Structures are given as structure tokens and as C-alpha cells.
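Let me give you the structure first, and then I'll get to my questions.
In order of appearance the chains are A, B, C and D, and numbering begins at 1 in each one.
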Amino acid sequence: MLRFLTAGESHGPALIGILDGLPAGVPIDVSQINMQLSRRQKVQGRGGRMLIEQDEVEVLSGLRQGVTMGSPLCLMIRNRDHVNWQHVYGPEGGAEPVLRPRPGHADLPGMVKFGFSDVRNVIERASARETAMRTALGSVARQILAGIGVRIFSRVLSVGPLALCDLPKNELEWSQAQGQPLGYPDAARMVEAEELLRQAKEAGHSVGGVFGLVAFGLPPGIGSYTQSDLRLDARVAGDMCSIPAVRAVEFGEAFALSAAAPGTPGDSIVMDEGRLNYEGNINAGLAGGMSTGQPLVVRCAVKPIPTAMPGLTVDLSSGEAVSAVKERSDTSAVPAAAVVAEAVLSLRLLGEIIDSMGTGYFK
Amino acid sequence: MLRFLTAGESHGPALIGILDGLPAGVPIDVSQINMQLSRRQKVQGRGGRMLIEQDEVEVLSGLRQGVTMGSPLCLMIRNRDHVNWQHVYGPEGGAEPVLRPRPGHADLPGMVKFGFSDVRNVIERASARETAMRTALGSVARQILAGIGVRIFSRVLSVGPLALCDLPKNELEWSQAQGQPLGYPDAARMVEAEELLRQAKEAGHSVGGVFGLVAFGLPPGIGSYTQSDLRLDARVAGDMCSIPAVRAVEFGEAFALSAAAPGTPGDSIVMDEGRLNYEGNINAGLAGGMSTGQPLVVRCAVKPIPTAMPGLTVDLSSGEAVSAVKERSDTSAVPAAAVVAEAVLSLRLLGEIIDSMGTGYFK
Amino acid sequence: MLRFLTAGESHGPALIGILDGLPAGVPIDVSQINMQLSRRQKVQGRGGRMLIEQDEVEVLSGLRQGVTMGSPLCLMIRNRDHVNWQHVYGPEGGAEPVLRPRPGHADLPGMVKFGFSDVRNVIERASARETAMRTALGSVARQILAGIGVRIFSRVLSVGPLALCDLPKNELEWSQAQGQPLGYPDAARMVEAEELLRQAKEAGHSVGGVFGLVAFGLPPGIGSYTQSDLRLDARVAGDMCSIPAVRAVEFGEAFALSAAAPGTPGDSIVMDEGRLNYEGNINAGLAGGMSTGQPLVVRCAVKPIPTAMPGLTVDLSSGEAVSAVKERSDTSAVPAAAVVAEAVLSLRLLGEIIDSMGTGYFK
Amino acid sequence: MLRFLTAGESHGPALIGILDGLPAGVPIDVSQINMQLSRRQKVQGRGGRMLIEQDEVEVLSGLRQGVTMGSPLCLMIRNRDHVNWQHVYGPEGGAEPVLRPRPGHADLPGMVKFGFSDVRNVIERASARETAMRTALGSVARQILAGIGVRIFSRVLSVGPLALCDLPKNELEWSQAQGQPLGYPDAARMVEAEELLRQAKEAGHSVGGVFGLVAFGLPPGIGSYTQSDLRLDARVAGDMCSIPAVRAVEFGEAFALSAAAPGTPGDSIVMDEGRLNYEGNINAGLAGGMSTGQPLVVRCAVKPIPTAMPGLTVDLSSGEAVSAVKERSDTSAVPAAAVVAEAVLSLRLLGEIIDSMGTGYFK
């Protein structure tokens, strides 16, 4: 059983994650973790905070001479901005409370949940900055998966109303697009995407979009049909929607499939070099809550960041209608969400493979 | 903590479910459980099996004089068809093994997972018949939720390429459509839907579709932003995709929202009779992984049932390409999946409210 | 991950258990399950109820032609006494409420927990009759363990103040004592034990005692030292104390070991036919929260059944001090608790081996 | 649900703990956490390592201006000794592998579990140093419990063959003994205890012993009788045996109770100032797997530390019988284990109260 907990507020001392249940004896390259953190920060669509934080992990446990020990792995990312937030976190305080809960954020239900009168208590943990740590832990999982031949890619498919590309057709296409500008390799589309984000940024607006995500090389039979909470599709769907701005998930092109004309043919099972395999992948790598061995394909819809069009709210001290604060934010969460989704999927798949195979599978 | 396990094969002696962690002292009407089972069986789109099974629960524990005792509640549904399956289940056996794994089903990965040579071992548990028990348990959860003012409805929005209606706009519309024919109240649309299903059935085809699902009356602050696996949106998305044919889930109209033009306004927070409330529900009742108190709205895409267009497979004894068996199946899983989704959502919401409030909240 | 839930009230329709996560392809002998139920019922020290119930399981799921399918296994034991309890369970009721909570039982804290005014609601589920289902599920686990060479035995070591024997020294002694009268093979001790129980029964008294429990053949490295809640010793100790009358657990003779003179030597590691092994078993088969491969040995203390000396209580209707009701009960829970402990240990060990090795280990 | 994970190797960079699910709005005094760490380090019986480490926590998350935020709380303790272990942990390595697994420790089963050839990989995480972090997290739980009137104490009852005192009779006795020398207030016994430890230390021996532990002020009905894994007694027993050297646990004086003569009276329920209460506490504050509201009393047996009498082992490189390494270690783990047990019990009780009451109970 692979488990993890993360901790850390957006402007607190640090983000921390503990990942428990790893196989032993697998080399982990810390520079790759930092590279993933950098990808998450440097993708298009990010706002000003990303210039302040240049995330780097410190490994606090679980590795010896660069190799997993089977014991819990702990990573820490110091928040460089914390020094500027002593008046908010320090014992004497002095910071003004935040009294204008923003619609579309955790602010109001978070206050109700915990009985807070200062929205700051919610904002600090509800921030999407939490996903930096999941990105770091996911990089560890991904490196271990690579050792058994599982490869994960993502791609932004649209930003706002602008469609950029279809789901890539094969691993080559997925891998070539990885880390390229939005719309790659269509030069005109790349310009359009740049322009849309530039205009939105100027106007202080935000755009949503859709990204695709794939895992190649999964062994078949991961997950289970025997109990509903063990289904791999259920777990992956839940994971995707745990990424703050992701509001929809479909396996392959499920909405299109649901609208197919009666009689549209499905996949086939064929004998392929002496092994049973699938022809076609309408089922997106999943059947009966398990991996089929075909590429596992997910599409996720990301909403615009509500801070950019904050709308009206109520000032808690006066009870009056006011504009919600327009905080520094990203122009689009889509590119960063795609990077986070790769990490989150890595954590899930590693956990599921361990559950099915035991940690001995990785020796 | 609310937990449940279900058990039972499609043609075995019975389906069974244990629901652990219920509040005590709540009256449960067993006829309502049977009514939900009947809704699941009698909706449009079902196949011939449903004429054999007329599901009724036997309450084996957890109720005394019709009231919950706080102890685990156990329900059983006998499979009336079991008497005809003695040659498959009985100690002497005699049934031919199933040797043609169907694409799109659990058959092949299930065999790999457990090392089976007879697909029958997979089919029997992987069957969607399992959802009957979740429907029954969910009816118990729903009755308890009703006592604190939570109301749940679903509606089929499309079947195959035929759009039937938009998401209802308010509780009145949701409640009026409940239990009505597909396309209600548009008479022409109702005829179209009937005709589409009739033709598909005649041709032996199956159609997918989309259903909507809503919960009114949720208290705000259910779920949490503090740890990613505690988010209500993540859990609900996972639950939806645990329903066999559901392949996509979106909160509200998230795909449309992701494609909105930059600058599209969001929800507002307003003072409403002395209480903070939301105006608009673009966020579908969710913010920061918690309920906002607005209606929680979900849309789910359901795939066509692959058995109806089984495609090719390989005969495991001969290694030859053959047609996959075309089993008796539903013309469309959408209407039944919507009923199951109501139950599954009920179980989730009850569990989350118990986690946030304790079981004492229901006294 | 092996999980189970049980359900069922003492005089309700049935006891039910669902065991989820079993390996597939293992033959299960139902007559052995019934034999374990019979052992639990027929051991010395039992009271009158055991003449009414002659427990037999019905297998509701998870087996096909006597072999595990990998899907959840469900067992049911009908309560034959239920027909006599319609006035308590039936919709019209008519039974007098129980108003005298018994000290030493769940009665009073259970009422507080759930807000009951009728103690009957607590008694029915808090009854040790629940252990019948764990005994049945444990027999399934034990049969699977037997297939990989794990053997489990128990022995009553004392009843009340009467010491019967020491912990057996080897598997032969454990196995020979299994199912024999208390004190076996010392004829005089057997007579003494019989006499003590006879006198206690006549006087309406109850006696506690101590039993030993052992598992031979465990692979080393089961459990873990990496996270405190994964330790095998922690889990086994918790399991033992989940058996209603068990109030203490020690690994091997830990209280004696804790009082050893400084410098008492411990176990050694030796080369044994080319494999590393232990000499001595002071550590009772456990080190660092893992199995060592040596016999896992547990001693458990069982309290007298408080119903037999019920003491004073308060009548809830009058507020007056009264005698607690002296219900029909066992003279000693020790022999039955030992049988239950075998089953509970079987469930734990099977679960731990699956977690460490995967279900493929059992193929 | 209160959850925690710890991480950290004995000589790695740091120990870390994340505690998830805390109520919000509770002030936490960090100096009290450090005081508990100091108690754990400075009690009698400790070895030389304790002079190197003077544990202090850094709060990395979860507190703002000294008050819990409802978000995960993360503590870190830097290992001051780490700078001296670069050759073991650093990327170039250079440290000799440990090739002599010590009996009585995790060494051998840990190697088997993970397939290690260097015992160092096991030793570093299996070290009892892990309990420092549980002590720190437990101090947070304890401070929150104090706010609702729960008080926890421990006392060493014996060291090796030397009995020091009986279980204290009331809260005054428990509280007066807290932090006092072993045997307090009996001056002669205090001298004897000092002398026994001094002699054992000189001889390089280790002694076990027994400690008692109590929680006053628990609300009744915490835990549950409804499912075996929810029982408070089961969970507390498991927790105690998760403390490395603890090998036995009994509630109250359960072994003595199990040997009581037939007819020994039990507790009574009485009306006490208008409320139902218990007279006597034979049941040690527990009934039916729940708290009764009486003091919850536990006795734990601690084994001698096997490193002090390491016995024989096998050198893995030569296959020859050799003496196991005699590492620097404590003379007795009992006093430190008692401090850890207070912390571990605090974490458990806080978690159980949250599960029963919700986090709102602490507002």
C-alpha cells in the first residue's frame, strides 16, 4: 500500500510530503524531481508568484546514497516568500484579517467548516501551491515506474475557446509534444495560443482549457472489478478531480463515445505475436475497472481561475456588497495542471501496481 | 466513518451488502428500498434478464422495529435465476468453460489478474448486477439524508446522438422529471427517444448517453481542502466512475466552462436574508473540494454496452479469431446508471456528512 | 488488502460476514468452517444458548464449485433463535425495554454513544455472538494459509486460579493438545479443571483464564518496521484485544522477560542447513514489527464474564439501585475465546502475507 | 479522522511527522512539545546518543500565530548527528556495509523483506529514534485533549526484577509521580532502582520492566462495539505494541483478574449526583470496546534491549558464527517507553474523540 500525506501553507515555512510504502533499491535522481517542479512553474500561463519561488526539494528521508530504502521518503520545499510573511505567521501577528471571501474558492465553505473569522486561515492551505509537493512526490513514483516500463505524458488540447490539437495518436506524438509550446507543432496555432494568453493576461482575465494525459506500458489486470472502490477508473477519476482547477474527467473521448450512433463498432481482441492483445482503444486502456495493457488515456477540463474575474462578495465586517479581491494569479491553470496530473497519475499507478504485485515486483 | 462492502455473483445465490457506521434511531422504510430496486430494473433500455429478477431485499441486520440500531445494516437480494445455474456453481460443475473473452469487458484483464482459464469466473462478479446492491444500500443512505433535508434527483439528458434536454434549472424541474419517460415533458422528444431505443433493440445495438445528477440541501463545508484525498469533488468523481458504464464525469458543465471566452463572469457571494450565500452556480455546488450549499450538479457520460457490438476475439482453446459472444444485454445502460448514481451519491454524501459532523448530527 | 465486515445481532435474523481481497483458485471446504463453528460452541465452559444454536454457514458468494473466485466471499449463519424474538425485532414490537444496564458490558457507554433509552439496542450487537462470524471467516483464511504451510493452534493454559500447563514447547505438543479437554494430558489436572468449572456453574459464577496461541510456518519479513501502524506485533495485539473478553496480550512470556535479571541471554542467529535462522525464541517469532520465521506465540488473558456476578446497577425508569440482571451466560469464555483467537489470527496473517507478497503468492 | 505518517532515519537529515485532521483554533505551545522530547531523552536508563541529540522541533505547517489552522501540522527534528554520517548517506558513500544481523532486532527479517545485503538499510529506520517524532506529535494531541479535560500520566512500575510500586490509586498519585525518579516516593526503593541501573550499565546489560499509563477525563462511549476493528481496547492495545520494546499490554490488572477466584465481584453502576456512573474500575475504563468515563488504565511490559546482550550471529560475508555487534544503547527502555506511550495514547484518544464527536467538539 502506497500512502502519502502532504503539508504546508502557501506562505508558511515549507511544503512537505511523506510517501510511505515505496519499494527498496530503486535509484532516484533528485535533479529530475527539481526538473518536474520547474516544469510546473515555468509552463505558459503562470503568474508573478512563480518568479519568486524557484522550487527545490530537500530530501529528508528515505534515500541512502540516492537509492530508496523502503522506508518513508520525505521531501521538503522551502517557501522563499515566507520571510515576507512573518506578520501573518509569527506569534505577534499584526496582519489584517482577510474579510472578503472570494466566490469560486474555498474561502466561504472553509470558514464555515472550521468556524474561522479570518479567510486567511483558509486561503493559505487551499492554495494550489499544494500541488508543488504532489508534483515532487509524483516524480519519485514516475522514476520507479520508468524502471518497469511505464511512461507518462500530457498535452494541452485547448485553452479557452481555442482548440490546439487532438489527442495524440501514438507514443511518438505524445513524447514529441512534451515540453513544447502550446499548439506545437502547428506554428500558426502556437502563435494564436500565445496571443490568446497575452491578451487575457493584459485584461487580467483567466482561461480554462482541456489537457490530455496518457500512461503507456501498464501491465494488464491492475485495479479490480471485485469491489467498487478498488476500480482503477474510479480511483484515477477521483485523483484527477483532486487537482484544484480540474472540474471534469473523461476516459478517452467518452462524451463522444456516449453520443455514438447505434452500431458503432468497438475494440477487438486479437492474437499478437503469440499474446492476446487489443486492437483499437475506444476503452482508453480500461475494462472492468482494470488496466487492459493498452494506453490509459484521460482528458481533463480545467476551469478559468476565478480570482481573475472575482465578481462580487460581502465584506464580513460591514456586511456590504464589495468587489472580491483580485489577487495575483495565473492566466491559465491548464498547462500547470497537466504537469501536476502526470505526477498524480504516477502516484496512483505506482500504488496500484504495488497493491497487485507486491513491492517485490520492482526488484 | 461510513463503510460498505458488497458481495455476490450475477447468478450466484444472492447479492449482499453490509453498511457500517450508520447513525442510530433513524426509521428506514424497506418498501422504499424495493421501490429503488424496481426503478433500476424497470427503466427504459433494460434487457431480458430484468424480467427474471424482481429484486427484493431481505434485511438481515441493523434494523429493529424498522429503526436503525447504529450497528451494521445488512441487506440481501436472492438471485431468482440461481436455481438455473447449479451446473455452473454446484460442486460437481458440468458447465462448459467460457473461452472467448469479450473486448470492452473485464474478461481479459480479469483472467490475467487472477490466472483464470475460464472467463466465467470473471463475468459473474464483473457483471453490472452488482449495482443492484449499491442501489439498495444507497436507498438507506438517501432516507437518512432526507431526514436532514438533502434531496437527490437524476435525469437522462441524451441517449446516443439524441439530445433530450438540458440540465434542469431548479428543484421543481428536477423533481418533475424524476421517473418520467426519456425526453419528458417534450412529447415529440419522448417519441423520438422511444423510437431510437426500439430500433437499437431490434438491431441488437446499444447506445450510450449522458445523465445529470443533483443534490439539493447539502450543508456547506462538507469535504475538505486540507488534504487532496479528502476533497468532496475527488470522491464524487471517483464514485461516478465506479459505476460500470460511466466513462466521464463533469461538475456542472465543466467542459463548456473550460472553453468559455476570457472574462466570462463567475458566481458571486451575496447577503441573502442575513446569511452569506452564492448567486449563480457555475461551480456546481463545489469550491475548494467542499460543498458550498448550492446544488451539487454532476453530468456523467455512459458508454454503449460493448456486448451488443461484441467485435472479434480469440478462442482460448483454439487460438483462432472468432466473434465474441453476443450476450443478452440492455439496449442502453443510461437510465439504469442514473438510478444507480443517485444511490452511489447518497452513500457518499451521507459518509461525508458523518465525517464532518459526527453521527450525533442525525439525532 | 484483505478486508472484512461482519453484521448481525445476537437474536436477529442472521450473522453475516463479507471477506474481500482473497486470492483466487483456492479450494475451500465448507465442512471445515462448520467444524470450527462447532468447536467454538462445544468447548467446555459454554452456557445454555449453545444448545439452541447449532451454527452452520451458508455460502452466499465468492466460491464456485468449491473454489475461491477472487471476488468477495460472503457467509451467513441463520440465528435459529430468531423466531422466538419477533416481539423484539418485528415492526409492532411489544417487547419490554431493557432498563437495567449491566456493569462490565457495553450497556451504559453504548446507550450514551447512540442516545438509546432501551439497553436492548446495545446488547443485541455487543454480544459475543458476533465472534461466530469471525470464526467462520477465519476458517476460510486458515484453509488458505494451510496451502502455504502456515499452521495455527491454541491451548487453554489456566482457568481462574487453576494453572493447567505451560506453553507447549513444539508443534507436536501444540497439535496434540488441540481439541483435548482442559489440562490434557495430565489426567489429574483434567479432573481438577472439570470440577472447577462444574462448581462455578452450579454457583452461577464465571472464571477467567489464560490461553496460548501459535502460528508455525510464517515466512520471515511479514509486517514492517517502516511505519508504526504497519507493525505485525501491533496489529496482532490489537486483534487479540478485539475479542470481547480478552483484556491482555503478551508475545511469548513478555511479562516474565521484562522481569529477567540483567544479563539474561537472548536468541542467536545461526546458519542452519545453508540458511540463516534463529536459535531460541525469546522474541516469540517477532522482531522489529515483523515475523522472523520462528513460531509466533501469543498469550492472552480473558476476564470472567461479568454477567455471572452482575453487581448493582440503576433502574433507568425509577432511578433506584437494583441488581443487574443475571443473564444466561457461559461459565468461562476462555476455551471459546481461544478458538476465536485462532480465527482472528488467521485473518490477520493472511492479510499481512497478501500485503507483503501479493495475491499471486497463493497460486 | 486523525491520521499521521512519520519519516526519518536514525542518522539521516531529520525526523518528520505530518498530523492530518486536527481541529482548528486550538493554541499549541511549542515549548511543551520540546519539553516532552526532553523528557523522553533525559529519563533514566538512556545511553550515550542522548547526549548528542537535544531534540527540538521546527513547526513547518499547520500553525498560524501559534494556533491550529485545521490544515496538516508538520514537525521536523533535525538529527544533529547527521553531519557525522555523510559517508553513510552521501552520494559517494564509502561506509562499510553492516554484515552482522543482530538477533532480537529488525535486522534479519528486514533484510529478507527488502532484499538488502547491507543491514544498515534496516537499522536506520528500525531504530527506536522514530519514537521521538511520535512523542512530538503526541504532545500536540495531548494539548488539544487537555482543552477538553483529558489528562494522561504514566509511571514505571518495575525495572527488571525490581518492583517499584503498584498502579497509583487516583489522579493525585499519578500526577505526583510524573517526572519523579523511579520508585518515588519510597526513598529506599529509589536508591535500589538507581543502583540496579548503575550496575546494569557498568556490566553493559539491559533490563526490561513494566510501566503503567492512565487517561483521566475521557467522555464515555468513545470507540465502538459495532465492528471489531472499531473497538477502543483493540486500538489502544495495538498502539502500545507499536512502541518498539513493548511486548505485552494489559488493561488494568487483567492477568490478575483472569486468575481471580470464581465469584469475585465486579464493578457496579450507581447514581452519582444525578448521573449514572461506575463504582470500582476492574474494567480499567473500558466496556464493550468503548470508554466508560472511568480512568483508562494500561500496563505494558518492556523487554530488555537485545543489543546489550547481543548473542551470536552469522557474518554475511564469511558465513561464520560471530558475536553480534554490541552497539551503544540504553540500559533500560522502560522510562522512555512510558513517555512515548503517553504520546501514542494521546494521538489515539484524540483521533477516537474526533471520530465520535466531529472536530466541532473542540471549538
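The rule is short, and it goes like this: contacts are C-beta pairs under 8 Å (C-beta built on N, C-alpha and C of every residue); 3 or more make two chains touch, one makes a residue touch a chain.
Fair warning: this is a prediction, and the values are worked out from it, not measured in the lab.
Chain pairs B-C and B-D differ in how many C-beta pairs are in contact, and the one with more is B-C. Farthest from subunit B, judged by the mean position of CA atoms in each chain, is D.
Note: centroid distance subunit A to subunit B, computed from Cα atoms, is 27 Å.
Centres computed as Cα averages put subunit B at a distance of 45 Å from subunit D.
For the pair subunit B and subunit C, the distance between C-alpha centroids works out to 38 Å. Annotation for subunit D: residues 5-6, 20, 70-72, 113-114, 125, 226-227, 356, 359-360 touch two or more other chains. Within the complex formed with subunit D, the subunit B residues making contact are 1, 20-21, 70-72, 226-227, 355-361. For subunit D in complex with subunit A, the residues that touch the partner chain are 3-9, 12-16, 18, 20, 24-25, 58-62, 64-66, 69-74, 76, 88-93, 113-116, 120-121, 124-125, 359-360, 363.
Per the touch definition, subunit B reaches subunit A in the complex via residues 5-6, 101-110, 112-114, 122, 125-126, 130, 134, 158, 160-161, 196, 199-200, 203, 205-210, 220-221, 224-229, 231, 233-242, 244, 247-252, 254-255, 257-271, 276, 278-280, 282-284, 287-293, 301-304, 306, 309-314, 319, 321, 324, 356.
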